[in-house]
Amino acid sequence: MGMLDPLKGFKLTFKQIFEPRVTSPYPVRKRPKPARFHGRHVLNRYEDGMEKCIGCELCAGVCPADCIYVRGADNPADAPVSPGERYGFVYEINYLRCIHCDLCVEACPTGAITESKMFEFSFTDRNDAIYTKAELVVDDDGEPRHQPWEDWREGDDALTSGWMRATSPSGMAAAEGRAQWSADLGYGRRAPEKGQSDLPEADATEDLSVRKVAASKIPRRLGGRVR
Amino acid sequence: MTGVLAVTVPDLATFVVAGAVVLASAIGVVVARNPVHSALFLVATLFGVAVLFVEQQAEFLAAVQVIVYAGAIVVLFLFVIMLLGVDRPEGLARDPLRGQRPLGAVLVLVSLAEILALARLHWATGHGTAGSTGGASGNVAALGRSVFTAYLLPFEITSALLIIAVVGAVVLARRPHRVSQQQYGARDERMVATERSGTGRSGTEPSGTGRSGT
Amino acid sequence: MTPALLVSGDPVALGRATIVVVAIVVVKALLAFGMLMTAVALMIWFERKLISDMQNRVGPNRAGPFGLLQTMADGIKLMFKEDLLPEGADRATFRLAPFLSTVPAFLSFAIVPVGGVVHLFGYTTELQVADPPIGILFLLAMSGVAVYGLMLAGWSSGSKYPLLGSVRASAQMVSYEAAMGLSVAAVVLVTGSLSTRAIVQAQAAHIWDWNLVRLAVIPFVIFLAAATAELNRPPFDLVEGDSELVGGFNTEYSSMRFGLFYLAEFMSTITMSAVIVTLFLGGPDGPVIHLPLLNWLMPIGWFFLKTLAFLFFYVWLRAALPRLRYDQLMDLGWKVLIPAALGWLIVIAGFRVGRVTGLVTFAVAIVVGAGMARAFAVGQVRNRDPATSSSTSGDFR
């Protein structure tokens, strides 16, 4: 190192004062989250207000962290909660145990449980960690309920993981636009996103046995069959 | 600045306080169990003496006293005390050599009697010698002049003594007799050979009794 | 010693020193204290913001507008922390050490001339807390006492890392005090007096009367380097760098005791910048507009600007340079700065005796500086190359 090399260091640091800062102003502005981001769970309802959860306990069964507690009960005849025979009478998720793996979302047959993109919820009391059904179910507008310590931002309840998976065509152009199950947050069904598959439009078909047709186009090494 | 210093209330108060600090700290140096505390009391003593110097209008000497004595020499004392691990408290109850305390008391009384006899029972000394220095810049000039004219020989001898001390310390602290390059190389090869043969004895160093020093 | 004799020389009793004088002294001291504390708080903020600017990040911006109250928030947090006294610690010394570091930092600012001369209530007073005839030696004395704070802090903590850190710190400070003293000696040589007011007045005529120019820059550079090492500031902050010996001497300190060390460090930084300005840049010297209020306000402004420039430089130094290793640090102090300072002192003395000033000094400075740089460079190369080296310390080179 020559005698004047420290001066180069001085010049560089001085120049940096006028360069833009690279710090992102969290929590004023947060980075946009990826589409299938796993956040806090939400229990969904149909458009007519009935809950989608039928109390089958598949989510509790698949959960690797053992954080879901479900107890089903028979739907009262005069005021059914869910379409079907049973509904989730007790539904609790312990967020001190949840690892946000979304296996419960995959397991749910009715698309009752999906995960939103909101993950910045830090409670100060351990009892607040156990979210009950009343806190998890969407409200009458189809919006997730906000707890006081949660930090919901724009877009956290849109395009949730369940919906993305439900409407992903798995690479087949024919399946694009078709929801495989109805796991979208809130009410009803949102339009699926176009352009998820990269197969040409010519291979698209309305035939629901689309797997058989497209399989011939999938190379053998990926599991397809060549005619 | 008058020729003869009139003793004023602030002067008296400063003298009493500084004198008390000097005496108490000096006693503390001797009495403290922990050598580090003794050194700190020494610093307090030196500060008290510096205040007394300022009182006598010898500010330069006061500053130099603090810079050199309190700021460097006692720091060196403390280095030695801390690093050599002699900072553990010692009990003062028992003397290693017998009869030291009575002998000490006798000697104190004899010295005091001697001082009083020589001073012919005059308590105040130095009266009238201060006050003609003409301010502190005159302080430096007067000091410089006397060091380079009247007291030149002691000054030069002291500086020579200091240089000898520094050189001696550096020589004594050097590493022992160095090995030449060739022997270095041969030693390296021997070490590699013994490592390969698996004895590994030449690689280990004796772990001496580590001194914690704290 | 009659009461009459006792009172006869007393300035207050005689009416020579009225209550106004006492009040002025007290007010000056309190003002300096308040100014210094505020300056420390702002300096900490300034350093954090500027360093983050240089590192392309934002720095504190949550506590107060632009993060200005961050220092206060940190101070309050420190006050609420638990005050630990380690078990193996020497209690009295552990408690004493922060004050031995802080008090000299406070006191050193007393000799710094902040402005010119002011007329108040019929009394003329200098804008300086104290102007003893041995002004600049007081600074050196206080630097010497500050060494005790660090040394005792490390030893009294009762654990190994602080002891090592404090021994290194005090050895570093003592080494660089010598270089500092020698460059101050060069300043005193051309000024003819130790008083800071006299030093400032001797530089007051033109910008080429500043000691920076009169002494041809070399004592300024030496003093700057020595002061930075004295303050334990980067790049000489091995003793308290976080990646080094944990926290160095202040590892075991928590709460306000640590706060005092932190305070002392920044206070010393400000004081040392002010002293550099006083010694080499003429203090409050600068063009003055002769209007009633601006008369004494502008020198304060000039002093403030120059000190700010040096505080900026210290932060810049921190951002730009990596930390010096301890042996590099000691080499620099003993083998480069002290010989350079001594040599230049002799050269300046020669100029004074020969009554030669001006550009000749600069020319000689360049020649001598180049020669010394060449000598040091050759020395370094010789040390590194084992073939030409005659020393055995080739283990780690």
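Just a few scattered comments:
Think of it as A, B and C in the order they're written, each chain with its own count starting at 1.
We adopt the following convention: a contact is a pair of C-beta atoms (placed from the backbone, for glycine too) under 8 Å apart; a residue touches a chain by one contact, two chains touch by 3 or more.
No experiment lies behind these values; they were computed from the predicted model shown.
When chain centres are taken as C-alpha averages, the shortest distance to the whole-protein C-alpha average belongs to C. Across the two candidate interfaces, A-C and B-C, the one carrying more C-beta contacts is B-C. Ranking all chains by how far their C-alpha centres lie from the centre of chain B, first place goes to A. Rounded to a whole number, the gap between the C-alpha centres of chain A and chain B is 75 angstrom.
Note on chain placement: the centre of chain A and the centre of chain C lie 59 Å apart, centres being C-alpha means.
For the pair chain B and chain C, the distance between C-alpha centroids works out to 26 Å.
Multi-chain contact residues of chain B (touching two or more other chains) are absent. Not a single residue in chain C touches at least two other chains. Under the contact definition stated at the top, not a single residue of chain A touches 2 or more other chains. Partner chain C is touched in their complex by these residues of chain B: 5-12, 34, 36-37, 40, 43, 59-60, 62-64, 66-67, 70-72, 75, 78-79, 82-83, 87, 135-137, 139-140, 175, 178-179, 181, 212-214. For chain A in complex with chain C, the residues that touch the partner chain are 3, 6, 9-10, 12-14, 16-17, 19-23, 25. Considering their complex, residues 50, 52-58, 316, 319-321, 373, 377 of chain C touch chain A.
Every residue of chain C that touches chain B in the complex is listed here, in rising order: 1, 5-11, 13, 88, 90, 92-93, 96, 132-134, 137-138, 140-141, 143-145, 147-148, 151-152, 155, 158-160, 163, 167, 170-171, 174, 177, 181, 193-195, 386, 392-393.
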